[in-house]
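Let me begin by presenting the structure, written as structure tokens, before commenting on it.
In order of appearance the chains are A, B, C and D, and numbering begins at 1 in each one.
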Amino acid sequence: MSDSRAEREWRRADFPLLRRLETRWSDNDRYGHVNNAVYYTLFEQVMMGFLEESAKLDLDGLGLRCYTVENGCRYHDALVHPCVVEAGLRVSRLGRSSVRYELALFADGHDAVRATGSVVDVFVDAETERPTELPQTVRDALSPLIMDRDG
Amino acid sequence: MSDSRAEREWRRADFPLLRRLETRWSDNDRYGHVNNAVYYTLFEQVMMGFLEESAKLDLDGLGLRCYTVENGCRYHDALVHPCVVEAGLRVSRLGRSSVRYELALFADGHDAVRATGSVVDVFVDAETERPTELPQTVRDALSPLIMDRDG
Amino acid sequence: MSDSRAEREWRRADFPLLRRLETRWSDNDRYGHVNNAVYYTLFEQVMMGFLEESAKLDLDGLGLRCYTVENGCRYHDALVHPCVVEAGLRVSRLGRSSVRYELALFADGHDAVRATGSVVDVFVDAETERPTELPQTVRDALSPLIMDRDG
Amino acid sequence: MSDSRAEREWRRADFPLLRRLETRWSDNDRYGHVNNAVYYTLFEQVMMGFLEESAKLDLDGLGLRCYTVENGCRYHDALVHPCVVEAGLRVSRLGRSSVRYELALFADGHDAVRATGSVVDVFVDAETERPTELPQTVRDALSPLIMDRDG
């Protein structure tokens, strides 16, 4: 992972895909902030939303599942409901059967990033649950999200 | 973070504190596994449970809050509800105003670790939300969780 | 509560307010449907969203909280993520310190209602947590949601 | 549903089954109480826990699913994490393909009930998702939970 200082500089323009997400009243925990675990729910929403809704991939039909093997998040500044979140998504590595995403969450109307993170997903066969080579349709969908960058 | 291969070897004996947690029916997602975000809810449960229940610290009374600034998890093998989880907790760094925890989740009756992770929490003043030096009571509570180890 | 057959006939036109909500990937449970408890999260989102976002009431500033004393839901047909939900909200009773809402959830592009429910909220003083008379601003905000109807 | 006053009198002795449940730190919402939707997660935990863990029914193996068609809850007094909940479960109606449960949540060490509710589940065929007659094994498991009472 790049260091925390570098991630604080991530901007919307660093991401080929931005998706708007709504927080929910119950996302706020007793500290009045969106709870840490919810950020991963938002990450998942962006990644699966890209595959199933934007790219219209029928993962069930392809007999594929995405299993997360590793993820992480840095919380630079709290999200507080009510808030429209703009979530940036890019692909930092596209392997034979896995993909590593980088994500950033912005609050609508604010430049500074609130949270940055990464997720490594392995595509597995829905029956055997063993890693499987990415079909070309999935590879084609994810390729435009690969972004050259320093870091 | 240490590498994935090393973390796979983490065992119950590597942790000074083990806490039993119950999964919930709704923790399973449509893949029939405990959803990734729930692991962070379990981590939080173990850390806050240690401070508030085991060490009986009254964080509200002390005017303190724990804000997570960074966390991460590696998923070695899925947890599936129903399952009693044994969660290991240790402190890998105790700073002036922050603590870095390492955690491991085991399924009851199985040796191999299912998930490993880390969380960095900063203690802040409940009013100003600025980092604050750890009071001695908190430091005394966390110190027994510091564990010497390689890695 | 009116009976289940009657509620099945609820239509969008029966509600003075409709709000669009997005489901999340993690809303689906192991049966592949939005989990029952999530419907109450959506209800809460619509009610609190109306008060805090549409009517721009600053409940914290007014020293007010909404405590739910009773709620219920009938599940006529499952919601499945991904889905844009249109949620209808109306007020069926406006008391001295309480409000009874009726809600209906529709899936975008479908006429038949998926779920119907009701929630009774009491407004309490944030300090004492005792029921408090609705301020005129809150009463004015809720009044347009009162809908005459049979049932 | 019986009226609210009557439900306030429900006691542990009114329930043939009591199960202990742990709240989670994230169950508390920004009001510092267990969020309303979580009560339904606890209800589900008790019902499914009874079927799958106590009665050791293999619902998947039987090709059965439980679909909730109606539920409701009355909140008499707030649950606040951390708290061990004792949940009472009984069957108020056992039909051809459905069961109506009544539930009550108590806080450990307190007599007065915190929340009372009911859930109607229909057993459906996992393939067709159509209601199916309860197999005798399920009927035998649920029968001891039927409790005669006034109400």
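Rule of thumb we're sticking to: contacts are C-beta pairs under 8 Å (C-beta built on N, C-alpha and C of every residue); 3 or more make two chains touch, one makes a residue touch a chain.
Only a predicted model underlies this, so the values are computations on that prediction, with no experimental measurement involved.
Chemist: Based on CA centres, what chain would you say lies at the far end from chain A?
Modeler: Farthest by centroid: D.
Chemist: Determine which of the two chain pairs, A-C or A-D, is joined by the larger number of C-beta pairs in contact.
Modeler: More C-beta contacts join the chains of A-C.
Chemist: Just give me the whole-number Å value for how far the CA centre of chain A lies from that of chain D.
Modeler: Here chain A and chain D have centroids separated by 36 Å.
Chemist: Between chain A and chain C, what's the gap in Å when you average each chain's C-alpha atoms?
Modeler: Result: the chain centres lie 30 Å from each other.
Chemist: Where in chain C do residues touch at least two different other chains?
Modeler: 25-26, 31, 37, 41, 44
Chemist: So in the complex, the part of chain C that touches chain D is made up of which residues?
Modeler: Where chain C meets chain D, its residues are 1, 4, 31, 36-38, 40-41, 44, 65, 67-75, 78.
Chemist: Under the touch definition given earlier, write down the residues of chain C that touch chain A in their complex.
Modeler: 21-22, 24-26, 41, 44-45, 48-49, 52-53, 82
Chemist: Could you list, by residue number, the parts of chain A that touch chain D in their complex?
Modeler: Residue positions touching the partner: 25-26, 28-32, 35, 37.
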